[in-house]
Amino acid sequence: MTLYICKHNISLESIPEKLTQDDAVILIEDGVYQALNTVNVLAKVYVLDEDVQARGIANKIPSTISSINYSGFVKLTEVHQRIITL
Amino acid sequence: MQKKSFLFIFSQAPHSNLSAKEGMDFAFSCAAFEQDVDALFIDDGIFQLLKHQDTKALQVKNHSAGIEAFSLYGINHCYYDANSLSIKPVTANDLISECSPCPEDFSEKMSGYDFIYHY
Amino acid sequence: MEYCLHITSAPYSEQGSLTALNLARALVEKGHKISRIFFSGNGVLNANALCVPPQDEVHLPQSWQILGKENNIEMMVCVSSALKHGIINEQEAKRYNKDHHSILDGFELTGLGQLVDACLTSDRVIRL
Amino acid sequence: MEYCLHITSAPYSEQGSLTALNLARALVEKGHKISRIFFSGNGVLNANALCVPPQDEVHLPQSWQILGKENNIEMMVCVSSALKHGIINEQEAKRYNKDHHSILDGFELTGLGQLVDACLTSDRVIRL
Amino acid sequence: MQKKSFLFIFSQAPHSNLSAKEGMDFAFSCAAFEQDVDALFIDDGIFQLLKHQDTKALQVKNHSAGIEAFSLYGINHCYYDANSLSIKPVTANDLISECSPCPEDFSEKMSGYDFIYHY
Amino acid sequence: MTLYICKHNISLESIPEKLTQDDAVILIEDGVYQALNTVNVLAKVYVLDEDVQARGIANKIPSTISSINYSGFVKLTEVHQRIITL
């Protein structure tokens, strides 16, 4: 039940933590570019829409990744007890 | 005034830091002083060249938009590195029309610039 | 729920501080309580009263200040980072013989213990 | 030979500013003339008069100030970066209704044109 | 006072920036408040653990030296990631004796920490 | 006749510039870790001793790489007309 905040363009497979299906990842800032690669993790993956718009990649986000705004970001922080910033 | 040649190399993605903006401001100043100025985008700098960047919701200025005005500002060439592009999940069609791949022998031509700045 | 935000990003040079501000506003809007915002490392520069950003850009230190005042948030700045980065209050200015100080009204210099305390007492701690 | 140093690294947060200071001292020792040191980007924070680093660490802004004075170096700070980062002089403080200012004595706010000029007139330009 | 568990992950090389120093200061504070604190060094963070670091000529404080005093400060374990080490041009013999490779199932154990901070 | 100042732990083979035998590279700050890898470039490679000492790798610098101090750094800037920071 962990929310990972990924703010850099780094592969989620390279982090030491093991993502499970109970976890979620929100890609923000330069992390949103990771949505353009095949993201092979068990966790549910979200992108922050404001950052996606700013970077001009809205039309490239795959349908498996949900685009959310700050209000959605807040919701994720409500339901995940542990929050880790990468 | 003497005329020198400058190459500005951009290797970072836009919006998450000010590095590229600083390099562009410097490049614009060089061009304003009628120097020979070119730009080259490599690695994550390729993302600076993406179309459709809209920073309104983010409430920051869209510095990448300045690239489309490079020639207006007196910057001669806006190149990107085709190898960098080939390993990014975007294609040449996704890039603004103001840029072009750098000539094949460009790494040799680079020795001709008086100044090269990495931003 | 009760939140603590931990800001380690410099304003303007990095995006993290703006992200945190937007998130903080969304938290307040949803009725959450932000009890404390702790600035450390390069994040202490968010408390700089002397920043003059271009008029068409977000004034980050001022925005933090307003958010803090309107929502009764403890705005805490790590004192050891702050001294190193030149964010000082009147008292520190006197102690070190400086004619000027730079910390924005509403921000308090304090130790890292207050961040540890926030980790123990908040429902959520978010670092940006 | 005539050198210009171009400093884009923040003091303390990054090592580049200390490297540049050591290089500058070695240049002077070898009899070279440093005509101008230009601070831009995060480098403008090197001109912050309010930094209070721990006593057993190099005081970077002060060291730059002394180096500049002793060797008659033009110490120039990019004004647009400086305003954004809260490095302001008395004149700018007045203009923007700030009670305090932060720029160290001996540093001058100026435009990027002075950096271009240094590129055209110096024998060597080194960026750190 | 309640007791929570903290893991601090260090992934950057020493001396070129303050990131690791900031993380260590935070870790020391947690330990001073009698929390359960462990540290893990990965990627370029491995370089923090090298013996013989001498910053006298550089005129900066040697923050890496603090790692040797981790247990004095009340930090329980000082782990490094063996995979990271294996692709660096250094060996376990080059590292200070105060650290050890993390347990094999550590990536699963990490879910047990109340807080994980990346520095 | 270019001096490259490399201050990050990045491979010299990854830069867009083409190094020739007339060029020199000085590895400083985190760049000194590159001296531990096989450096396959035509240019002559130096390391800044102060940074090598600080990082505890003095005994690992290969003999093909010359260790110099700030005075040697100055000399390199004298003999190379063009200086590029990486």
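As written, the chain order gives the labels A, B, C, D, E and F, with residue 1 at the start of each chain.
Keep this in mind: contacts are C-beta pairs under 8 Å (C-beta built on N, C-alpha and C of every residue); 3 or more make two chains touch, one makes a residue touch a chain.
Everything numeric in this text was worked out from a predicted model, so none of it was measured.
Participant: Treat touching chains as neighbours and tell me the shortest step distance from chain D to chain E.
Facilitator: 1
Participant: Let me spell it out: compute each chain's centre from its C-alpha atoms, then which one is farthest from chain B's centre?
Facilitator: The most distant chain relative to chain B turns out to be E.
Participant: Is the number of contacting C-beta pairs greater for B-F or for A-C?
Facilitator: More C-beta contacts join the chains of A-C.
Participant: Any idea how many Å lie between the Cα centroids of chain A and chain E?
Facilitator: Taking the average C-alpha coordinate of chain A and of chain E, the gap between them is 27 Å.
Participant: Express in whole angstrom the distance between the two chain centres, defined as the mean CA positions of chain D and chain F.
Facilitator: The answer is 25 Å.
Participant: How many Å are there between the centre of chain A and the centre of chain F, using C-alpha atoms for each centre?
Facilitator: 38
Participant: Quick check: what residues of chain D touch more than one other chain, meaning two or more?
Facilitator: 12-13, 15, 41, 54, 125, 127
Participant: Indicate the residues of chain E shared as contacts by at least two other chains.
Facilitator: Only 15-16, 18, 58, 60, 115, 117 qualify.
Participant: Give the residues of chain F touching no fewer than two other chains, as numbers and ranges.
Facilitator: 7, 29, 50, 85 - these are the residues of chain F that touch more than one other chain.
Participant: So which chains actually touch one another? I want all the pairs, not just one.
Facilitator: A-B, A-C, A-E, B-C, B-D, B-F, C-D, C-E, D-E, D-F, E-F
Participant: Along chain D, where are the residues that touch chain B in the complex?
Facilitator: Counting only chain D, the residues touching chain B are 8, 40-41, 80-81, 111-113, 115-117, 119-120, 125, 127.
Participant: Could you pull out which chain E residues touch chain C in their complex?
Facilitator: For this pair, the touching residues of chain E are 1-2, 4, 6, 18-19, 22, 25-26, 29-30, 32-33, 35, 115, 117.
Participant: Help me check something: in the complex, which residues belonging to chain B touch chain C?
Facilitator: 15-18, 58-61
Participant: Which of the residues in chain E end up touching chain F in this complex?
Facilitator: 13-16, 44, 47, 50-58, 60, 62, 88-90, 94
Participant: Provide the residue numbers of chain F that touch chain D in the complex, in ascending order.
Facilitator: 5, 7, 28-29, 50, 70-71, 73-74, 77-78, 81, 83, 85
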